[in-house]
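In the two complexes below, chain A is the common chain; its partner is chain B in one and chain C in the other.
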Partner chain A sequence: MAVREEVVAEHTAAGAPIRQSSLWRDAWRRYLRNRGAVLAAAVFVLLVLYCLIAPIASPYDPYEVDFSQAYQTPSWAHPLGSDQFGRDLLTRTALGGRISIGIGFGATIAILLIGVAYGAISGFVGGKLDDALMRFLDALYGLPYLPFAILTLAIFGTVNFWTMVVALSVASWFTAARIVRGQIITLKENDYVRAARAVGARWHRILLRHLLPNTLGVLIIAIFLELPGVILGEAFLSFIGLGINPPNASWGSMAQDGYQAYRVHPHIIVIPSVAIATLILCANFIADGLRDALDPRTRET
Partner chain B sequence: MALLEVKNLHTHFFTREGVVRAVDGVDFELERGRTLGIVGESGCGKSVTALSIMGLIPKPPAKIVEGQVLFEGRDLTELDEGELEDVRGRHIAMIFQDPMTSLNPTLKIGTQLTETLRRHLGMSKDAARKRAIELLEEVHIPNAAARLDDYPHRYSGGMRQRVMIAGAIACNPKLLIADEPSTALDVTVQARILDLLEELRKAHDMAMILITHDMGVVAEAADEVAVMYAGQLVERAGVQDLFDRPEHPYTEALLGALPHVDEEHVRESRLTTIPGRPPNLVDPPEACRFGPRCPYASLNDSCTQVEPQLRELRKGHWVRSAHPASERAGVPAEVGA
Partner chain C sequence: MTKFVVRRLVWTIPVVLLVILLTFTMMKQIGGNPFRQTERAVPASIQRNLERKFGLDKPWYVQYAQYVRNVFTFDLGPSMVLRGRSVNAIVKEQFPRSIQLGGLAMLFALVVGVPLGAVAALKQNSTADYSAMVVSNVGFAVPSFLVATLLIYFVSLKWGLLPTSGWATWRHKILPPIALGLGPMAYFARLARGSMLETLQQDYVRTARAKGLRWRRVVVVHVLRNSLIPVVTAAGPFLGFLITGSFIIETIFAIPGIGRYYVVSVQARDLSVTMGLTVILALIIVVANLIVDILYGLLDPRTREARA
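Let's look at the complex of A and B:
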């Protein structure tokens, strides 16, 4: 058939050598080109692995008190030294890292879940509801985040992993909601949304299938942008004694332990502080690399 | 009963600058299996008319303030969103101007095609996939089975429009609205897309509304033509009648503006244009919308005072003008009026 041959010609002229190159593969390639981000990701992964493995592999019990071993400086037996109760710091830092990083990711995910739900509904419905939700958000924006976290903990009355997650996300999801709302508003003007409606797609399908997946790139970036703030918040709360309490460890509470003896035994405060700083630096570099890799504006065609 | 009857349709946009009367008086009927071409310049309300029929106008700011859209006797303007969703894609389908942006870049072609089938016909995944392959073959996409799992960026503009068409005809709709389906494409691809539409229209026994500003496309594809100007339907007739004996001064001017290859001195002569510009639809002329640009406006005092109504001049030929061509025989146009 004549028409068919013409189409074949049109087809082969358009995209001759066929090489699979997906959106994510392109992004991955661009990410790899950013050396700082690759290094940061490697350090990040090592740090997480260390936190996961060290407490299992270590011969020391991170909770066992042994005053004969108190305030050891770094040695072969204790590579990072030990604290005032004689607990091995290499093991204990990993344990604190588990909690710090865990709370960090937990709160970040909570922030994004609330933010996505709020922002997506606001942007998708639009009109008066959008106005109302956004003005409400403007009012909430005035709330200081740490006092609110402290207040939330006070209301719960107990401090554990989950209450920390709630406390840290309760007053910090506003930016995420705004980002998602902006994205949804831009995306819903797309022709393919109208085209989907023209074939009878229901609203929830348009939102879940056509709009939210297109915000995924921004959300992945947002995870690593939110993470440093949340980890720092956790560390701060634990440092001032409102967060994770002994005998449990987080990097913030370990820094508090070190603070009490920092003149004589500075390594105890330095170690968790360096760990926090490294993690935050890595998250920032990763976010930067991801933004360059995933942001549509820098995307090459 | 006609398949589609649009009666006195008025769609207005309520904006900060005022009420934009984008569609302000459109009447037409479309029988089963026929093609209606809607022509007019940019901004005359062609697309808003189509979107109003589909119930796809952005609400707010737009609103259908008056009129009916009777599809098989059912008034679509009365339906709620859920009922409209059941009609869209199932009984009335629409394809849009720009195929490059009408497909979601993050979903496979197959996902987007099967969407309609699963939604309206309740097909299983496998059945929908099989049918999607058939559809791609029907719109002449080579190697259809393999191309189903490609993402849109691997399709050319012409192929994307074919995919859009495949999606539109998936549920055998009775009416297909094509809003400038070939405008965004290369000239060589344009003709093939239009041929394809005509082929499918016949095969599926669909009625079609073809929106375009290309008189050539209308002459070739349409059975009937509706000419729109400034939100109103100004003339409606069979395609042969309209091209042979245009009645409305605007239609005459449109046809006069077409380049004629067979004319003498075609290389030296300039193309004819219509002086002036279309009115602002926030505050259109009170009486005849075309009055300020009409070369015959001074003929009839009523032009500036009474809004002309659509009237049937002869069988099947409707016009909205106080002085259609056949009623002003022998009177010359005022040049530069």
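Let's look at the complex of A and C:
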């Protein structure tokens, strides 16, 4: 759909500025029709806003230790209770969310950047290089994701936001590269690309002007397809103690705190886990909605 | 078919070499080795001897060649931290548990997930369909550490039905595979449903029905078999993931498998163990992908040429 509209627009040269808006407006309309996706997007935005605002608005300091308040069950003062150091969980979950969601988006963007570079080169150049790069990619699929993330962190020797982003993207960009390559190869056969080539457009213009912009839809979908895996990866690493360290918090490290006390205070592990589950659930529904909206040809039955 | 299998098998050799090379390169970048980390100052001469013993003084390509030879002769060398224990011994002791855990989780995921998806597809838009999809969506989103913790909290602690941890009797082997397999189960259910719905619309299904075949036979012979292809494709990477990704479950249920030991070895900078385990985990994934490709060729003859 997106492609066909582009083709039409290329022929009616005067319609250039309208082209973009109508393409995206169409997608937007289709997205709004999907109630599940709209609800998911709303919850997603609320969750992100909560993570951004709660630490500022809350009367509690998410780092301050107060043992007299330890292990409070949910009450008016602490709507989600408090943890082993008496820190308010409503505030601290938001803080953990900032780091978890931040790392999630950071790593997702890294994955897509690597994927676009690799996939675009492979698909655009084609021929022997494409064969070689794809064979190499096949081999890379043998790499275990979490062990390589752990090794990467061991190489850095420290764990912080950026090392986590790198660790989580090292062995997880393969699918993104494959998606981009497939898209580029399909697009390359379009008449408007042939036309551009025929009128003498140079390769970088074709790539940057005609091919990459048309992969944007696929990439936006890919953000929400990759996000759950990365968020879970961060949570797993932090849960086994190889990720985010105290006093900083991520949802994974908070789940570890909760795990230490689950026999007596089971609610503490539930809170960050539900936050993770909500985020992943939303991401899945948003990805489905975006796929219907941006790429109706591949719509699932 | 034989040609396809042979070509596919030969192709795994460069893949294995590359995977070993990448792991090896990663390992070389990790700062420090256990001999430099000790608080006690080790005399330089002893340190040199230790490094010579483990071949750390040779150029990297010699070390790599040596390592490849070792992997192909199934000798992963001695542990650098636990004196007198070889990586082989550690693998031999702990690996079967991880394989068993991963296999049982896979079994659970397939045996529950595929029928769930199939029933949902056959009764599309019914209550059963919606409930199955809610289960699937939630099951896919909930992190395994919460599932594991809740299972232990209720089944073991509150109701006292099953043990909380360990891997001795069959009673120990119920909760961990469920906790590990829930995510893949949800995924398979969704996949099977989508695939079934697509197959149900095919002309050959309509033909089979039109010529008067019993509906049950149509479903089993025509629909199920053809719908299983995407499930099989997804199952391979998942099998690798289940065996290699069981760090969390092995830790929570105190199962002495390689997932748990992997984390320990990284923390102790026991490089030879980390390296050996990483290579083995990678080999499992390579073999899982190999099996899937061959199964794929069996289920869908069209792919034999394309994927060889």
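Worth pointing out:
Operating definition for what follows: the second predicted complex is superposed on the first by the 275 of 301 C-alpha atoms of A that agree within 3 Å, B and C clash if a C-alpha of one lies under 4 Å from a C-alpha of the other, contacts with A are read in each partner's own complex, and residues count from 1 in each chain.
Heads up, the rule we're going with is that a residue touches a chain if its C-beta (ideal position, glycine included) is under 8 Å from a C-beta of that chain, and two chains touch if they have at least 3 such contacts.
In this text the structure is predicted, and so the values were computed from the model without any measurement.
Once chain A of one complex is fitted onto chain A of the other, the partner contacts of A:I280 are limited to chain C, with no touch recorded for chain B.
In the superposed pair of complexes, A:A235 makes contact with chain C only, with no contact to chain B. Of the two partner chains, chain C is the only one that A:G142 touches; chain B does not reach it.
The wider contact with chain A, measured as residues touched, comes from C rather than the other of chain B and chain C. In the superposition on chain A, contact is made by A:G200 with chain B only, not with chain C.
Once the two complexes are overlaid on the shared chain, A:H210 sits against chain B while remaining clear of chain C.
Contact with chain C, but none with chain B, is seen for A:A255 once the two complexes are overlaid on the shared chain. On chain C, the positions that touch chain A within their shared complex are 14-16, 18-19, 22-23, 26-27, 29-31, 137-138, 140-143, 145-146, 149-150, 152-153, 157, 194, 197-198, 201, 237, 240-241, 244-245, 247-248, 251-252, 262-263, 266-267, 269, 274, 277-278, 281-283, 285-286, 289.
Chain A meets chain B in the complex at residues 1, 3-4, 6-8, 10-11, 14-15, 22-23, 127, 190-192, 194-203, 205, 209-210, 213-214.
By the touch criterion stated above, chain B contacts chain A in their complex at residues 54, 56, 60, 81-82, 85-90, 93-96, 98, 101-107, 112, 115-116, 119-120, 140-142, 151, 154, 156, 158-159, 162, 164, 167-168, 170, 189, 192, 195-196. Chain A meets chain C in the complex at residues 136, 138-148, 150-152, 154-155, 157, 228, 232, 235-236, 239-242, 255, 258-259, 262-263, 266, 269-270, 273-274, 276-278, 280-281, 284-285, 300-301.
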